[in-house]
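Okay, so chain A shows up in both of these, paired with chain B first and chain C after.
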Partner chain A sequence: MVDAGMVWLALLFPLLGAAALLAVGRRLPKLVIAGIACGAVAASFAVAVAAREARGEAILGPWLPLVQADWGLLADPLSVRMMLIITGIGTLIHLYAAVYMAGDGGYYRFFGYMNLFVFFMLLLVLANNYALLFAGWEGVGLASYLLIGYYFDRPAAGAAAIKAFLTNRVGDAAFLLGMFLLYSLTGTLRFTALTGTEAVPGLGLATLLLLAGACGKSAQFPLHVWLPDAMEGPTPVSALIHAATMVTAGVYLLARSSLLFALTPESALIAAWIGAMTAFLGATVAVVQTDIKRLLAWSTVSQLGFMFMAAGAGAHQAALFHLTTHAFFKALLFLGAGSVIHALHGEQDLRKMGGLARRMPATFFTMFVGAAALAGVPGFAGFFSKDEILHALFESSGPLFITGLVAAILTALYSTRLVRMVFGGPPAEERELHQPPRLMTAILAVLAGGSFVAGWAGMGRFHMAIAMASVVCVAVGWLLGRRSLDLDGPLYEPFRRHWYIDELYQRWIVQGLARRGGAWLSRFDAGAVDGAVNATGAMGRVAGAFSAWWDAAVVDGIVRNCGFLIKDLSYPVRLIQTGQVQTYGIMILAGVILLTSYLVFGGRL
Partner chain B sequence: MLHPVGTGHYLVLSLALLLVGILGVLTRRNLVIVLMSVELILNAVNINLIAFSKHTGNLAGQVFAIFVITLAVAEAAVGLGLLIALFRNRETTSADEVNLLRW
Partner chain C sequence: MEGRLLSLILLTPLAGVLLLLLTPGGNRRLIKLMANLAGVAGFLVTIPLMMNFKAGTRGYQFTERLPWIPSLGVEYALGVDGISLLLVALTALAGALAILCSWGAVEERLKEFYALLLLQQAGMMGVFLATDFFLFYFCWELVLIPMYFIIGMWGGERRLYAAIKFVLYTVLGSVLMLLGILALYWQHFQQTGIYSFDIVKLMQVTLPPGTEHWIFWAFFIGFAIKVPMFPFHTWLPDAHVEAPTAGSVILAAVLLKMGTYGFVRFSLPLLPNASADRTVVRVIAVLSLIAILYGALVSLMQKDWKRLVAYSSVSHMGFCTLGIFALNHAGIAGSALQQVNHGISTSMLFLLVGIIYERRHTREIAQYGGLAHAMPGFAKVFAFAVFSSAGLPLLNGFIGEFTILQGVFAANRTWAAFAVMGVVLGAAYLLWLYQRTMLGAVTREENRGVADLTPREWLTFLPLMAWALWIGLYPKPFFDVLDAPVRAILERVAVR
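Here is the complex of A and B:
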């Protein structure tokens, strides 16, 4: 058993792993790299398992005395649960990636970043104050940026990485402001010290700002645009960062701040409605996706919307339950998708897949379990967690509940569509398959087991009526998904174009900034930069002229006047130097006579 | 009526030679004459030394006079050498025209 004072060990291993890999990984053989990376995360997982009963705070040392933020770790049911998910799923995904990424260059870089991500994610969930949480928050953003842009030779990957980073930055700025406001209102950032907070004016704004931060990290409307593009990263990254762990940081933040949100019901309601909008929007767009990874990405956006709905409705336990089950089945689906892509030599287009059920039975079976869990088929994990969320929504507000049901129908629809398009029907293209290595299939099987068991293990009270409604939703979605695979009508146009949000941002923000910003930059360049350069030059010229004048007038003047002075003073002396030897002789004689006279008569004169 | 020749006479002779020599050194334009006048001065000194040597009975004066004669020979050799070199370069032996060393 490990107590709270030893939880820092879980942070240590991934940090050491990342440091080792990024420092000397280039020279290590692939097997050693994979061993270090997987070993580090597995060691963290072992610590997490040993520490699952740990409760309490451990202060490792002072950090920011100004806001009384320490290097402090907090172990409570919430953080321990997150730690178990991150390290547990993380270990499986690391193992999977060890095989999946074997053919890629920069192996050490990939695993170095992955370990770095795990470290920052653990820092995020284990921090005992908002400032340290924010450090981890920014750290995972960095790791996410690095991993989305992992294939740096692909322009799309670079653009996606920048988009993800900048979109997150909007949320992060809000988070930071919220943190400042919270500190000025309550005088502390420590979670344990914030429990006694009372509703003060301004707290609503602080929680709204925190919510905006959560929206950025968890890809909620209107900051959701980066997540689908983030699929440019390697598939294990999509599974670990952009499905199972990092994007749940926003949900974790809401759960961590649940007391503050309880004091500001308006902010909680806004969170719920943002979640509802995102759940609906994400599900509709997922329905028409033709890229397997993007379908899963939009599905993730939608499922995170579910979690926000639940958290906003005050059902944090339901949100966390869904977070846990989602981590299992979405990691499973992504890794399964990775297997399929791997088998088809990099093909990601759903329309070019089909008929894989018989040819890849293990992948089919596991992904079927994942899709069933995602759709909420009774008995599978997603069913139980969605059931709890829908129940919470039912008790909170009618419109939210309806939105939840619609999103659930759409979820079942696109899950059905996913499985049918990949595995069902006739093969779209006959070609040789790359059978996945046994380790990959084994990991899929473990996750499939988790996707099944996690629901039963976490099940709370069972709500029969809600369950019935949910079953009906699944059935409707399944029927719709069976019928229509080809979604080409004008009805689907807004879905296909992501509700025009990306275009809107492109038109108003990116291009506006580019155009107006370009003009402004050009003016800035001509005015300020060139001005500064020219002004420096002009000042240099003035200084040079002054220096030249000073040199010529003052310095030379002094030197020359010294010369003149001495020359003038020496004029009478110079006259006696005639060059005539005999003149000198007379002078010597005169001198001798004078000296002799002095010596002879000196005493008497 | 003739007085016997005494030390005083030598001193007067020495003084006269000295004055003649100095006058020659300072006033004659020809450098050969100047060198000759320097010889007069040295010999005036010699007479003086010997006169006092006889007067006091100390032989050191006479020894010293021998040294002065030796020195005068060396001085005449160097002086005449310089004079020849000067004449070869400037075609003159006039002290007035040798006045380059000035400001």
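Here is the complex of A and C:
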């Protein structure tokens, strides 16, 4: 057993792994790299298992003294549960990636970033205060940026990485303001100290700002646009970061702040409606996707919407239940998709797949389990967690419940479509398959087991009426999914274009505000601001030139003219300056005579 | 030595100048070695200061006092408090690194170049150590002259334009500041009958409100040009782009801080009523916010790598001035720390541009792309610098920005809401720069064989990276050091 004081060990292993790999990994053989990376996460998992009963806080040292935020870790049921999911699923995905990424040149870099991600994710869920949580929060954003842009040769990967980071930063900016507001209202950012908070004016705004932060990380409307693009990263990254763990950080934040949201029901309601919109929006777009990973990404957006709906309705346990089952079945679906893509030599287009059921039976079987869990087929994990969410929605508000049902129908629809297009029918193209290595399939099997068991294990009270409704939804979705595969009609145009949101942002924010605004301001800076400086300088030069002229012509002119005047006046005098001694002698003589005459006769004249 | 430690710190670079003058001119290697020796010595002598400085003590420490021009009351008076301590440390490190980074970059008139750098370092130390206003002004102006020559003689194509613009602009500010200083000096004489430039003594002057305001604005122009605040910033991109790397590093790391230091050290405590005046605060806050957002947006659209970094300084320094005029503990302490952070991050960014310019002789962003292939080490350091500058938690920039924003939020929520947008834009221009230069496929043959960082270049980055991590992970010692001086300032400036 590990108590709260030792939980930091879980953070230590992936941190050391990341440091070692990024510092010297380039020179290590692949087996050693994989060993370090998987070993580090597995060791964390071992700590997490040993610490599953740990409760309490551990302060490691001071961090931000002005908000009294420490390097403090908190072990409670919520953080321990998250820790188990992150390290458990993380270990499986690391193992899968060890095989999946074997042919890649940047192996050490990949695993260095992955371990770094696990470190920050654990910091996020274990932090005992909002500020340190935020450090993990931005840290996973960094790891996500690095991994989305992992294939940095591809311009699309770089663009997607920036888009993800910046969209998240918008949410994070709100999160920061929320923290400051919370601190100014309560005088603390420490979770255990916030339990006694009362509903003070301004708390609603604080929770709304935190909600905005959660929307960024968990890809909720209107900040959901980055997640589908994030699929540019390697598939294990999509499974770990963009399905099972990081994107659930927003749900975690809502659960962590559940007391605050309970005090501010308006904010909670907004969270629920954001979740509802996102669940619907994500599902509609997922229905028309033709790229296997993007379909799963939009599905993740939608499923996160379900979790937000539940959290907003106050059913945090239901949200966390769905978070857990989703971590299993969505990681499974992504890794299964990875196996399919691997088998088809990098093909991701669903229209070019088909007929794989017989040729890849193990993958088919496991992915079928995953899709069934996602769709909510009775008995599979998603059925139970979705049931609890729908029940919570039913209790809280009719419109929310209806939206949940519609999204559930759509979920079943695209899940059916996914399985049919990949595995059903005749193959679209005949080609040789790259059979997945046994380890990869074994991991799929483990996750498939999880996608089945997690539901039964976490099941709370069963709601018969809700279950019936959701079975009807699955059936309807399944029928719709079987019938039409042709979704090219104009009706689906808004779905295909993601409800125009991306285009809107691109036009107004990226092109309009940033590019055109920046360009205009640059011209303004060079023309007006610097122009004024240069004009002042030019005026100085004009003044200088004028002074120079004035000085040369007028001031010096007077001086020179004085000189000329004297010269001119002295002309007659010059006539007698002959230089001849004789002349001077005569003049001296004349002078003497004149002077003498004056002295002698002067008095009398 | 204890009693004369600050003089030692001040005079070590000058001893270096002497050492260089005595070095035979023909031996280039020896000159470089001597210069580096002087730079490292200049850093090492600050270590006893760091070790023996007592955080939490009020007032100046390690004070020294000698009469200089007794008839005018001018003294050679030195002292440090927490705010100047951090800037002294930054100056010592930046000075040593500026010398180190010039090893391969400067090959003409070596002796003069290094002598000027060292002379400038002495001047900068004087600015942060002086507790006599006259000595301060003397050093303030002393800094200007070497920089004029460094830009004007070792700079790029438009170096003369940039150097003259820099000097004229700054001198304009300095002259106004000098008027302010003399007005204070004169007021003090009238009230006490004693001639003195001592900062502590000048604080006892009671000024008529009108006088206090105009002195404030005179100081403001002098400091605002130096920071530089919008709209006085346009000398900065020109000076940065034309200056050699060492010059850019010193400019960004230290010279700009002289402006913010001026606000904290002089404007606030000497002119507390004007500094806390609602209108004054509002004007400065708005100018700072403009600097943050405007600097970031202009930065976004720059085509020149170095110019982009220069504009990012305008944005980042906007946070510093905004924090100061939040007039609360978090704002001022955050600002003092962020000055160091900006010095660390922006030095790294300028060192990086300098390295790539040495290899490829162009700063145009469009000429690059995919450099990470040829220069993985460079790409890593650059990423570190980008995230340090963009304020990623657990690195230095975050600690400063977070604390400033905390203070600003407490002062005025609307300002905080605007300032926080700068955090988003800051990531935007830096990441976009990184993407365009480092990532993607190699599109130009010239970028294929570019050499990665040499051990000497690594050596310039390691201390900066270590410091960035230290502040990011464990900033408490820095806040402890700042606590007493910030409290002292706040006791003078009560918000009204």
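Here are some notes:
One rule holds for everything that comes next: the second predicted complex is superposed on the first by the 520 of 605 C-alpha atoms of A that agree within 3 Å, B and C clash if a C-alpha of one lies under 4 Å from a C-alpha of the other, contacts with A are read in each partner's own complex, and residues count from 1 in each chain.
Methods note: a residue touches a chain if its C-beta (ideal position, glycine included) is under 8 Å from a C-beta of that chain, and two chains touch if they have at least 3 such contacts.
Treat the numbers as computed from the prediction; the structure is a model and nothing was measured.
Of the two partner chains placed by the overlay, neither chain B nor chain C lies in contact with A:Asp76. With both structures placed on the common chain, the touch criterion links A:Asp502 to neither chain B nor chain C. Which of chain B and chain C touches more residues of chain A is settled by the count: it is C. Once the two complexes are laid over each other on the shared chain, residue contacts for A:Arg574 go to chain B alone; chain C is not touched. Legend: residue contacts after superposition of the two complexes on their common chain; A:Arg515 is shown touching chain C, with no touch to chain B.
By the touch criterion stated above, A:Leu142 is placed in contact with chain C alone, chain B being left untouched. Once the two complexes are overlaid on chain A, none of the chain A residues touched by chain B in the first is touched by chain C in the second. Residue ranges on chain A touching chain C, taken from their complex, read 22, 26, 61-67, 131, 134-135, 137-139, 142, 145, 149, 152-155, 158-159, 161-162, 165-166, 169-170, 172-174, 176-177, 180-181, 183-184, 514-515, 517-519, 521-522, 525, 529-530, 532-533, 537. Residues 574, 577-582, 585-586, 589 of chain A are the ones touching chain B in the complex. Chain contact summary for the complex, chain C toward chain A: residues 165, 168-169, 230-231, 233-235, 294, 297-302, 329-330, 333-334, 370, 372, 376, 380, 387, 392-394, 398-399, 402-403, 405-406, 409-410, 413, 416-417, 420-421, 423-425, 427-428, 431-432, 435, 438-441, 473-476, 479-480. By the touch rule above, chain B contacts chain A in their complex via residues 22, 25-27, 34, 95-96, 98-103.
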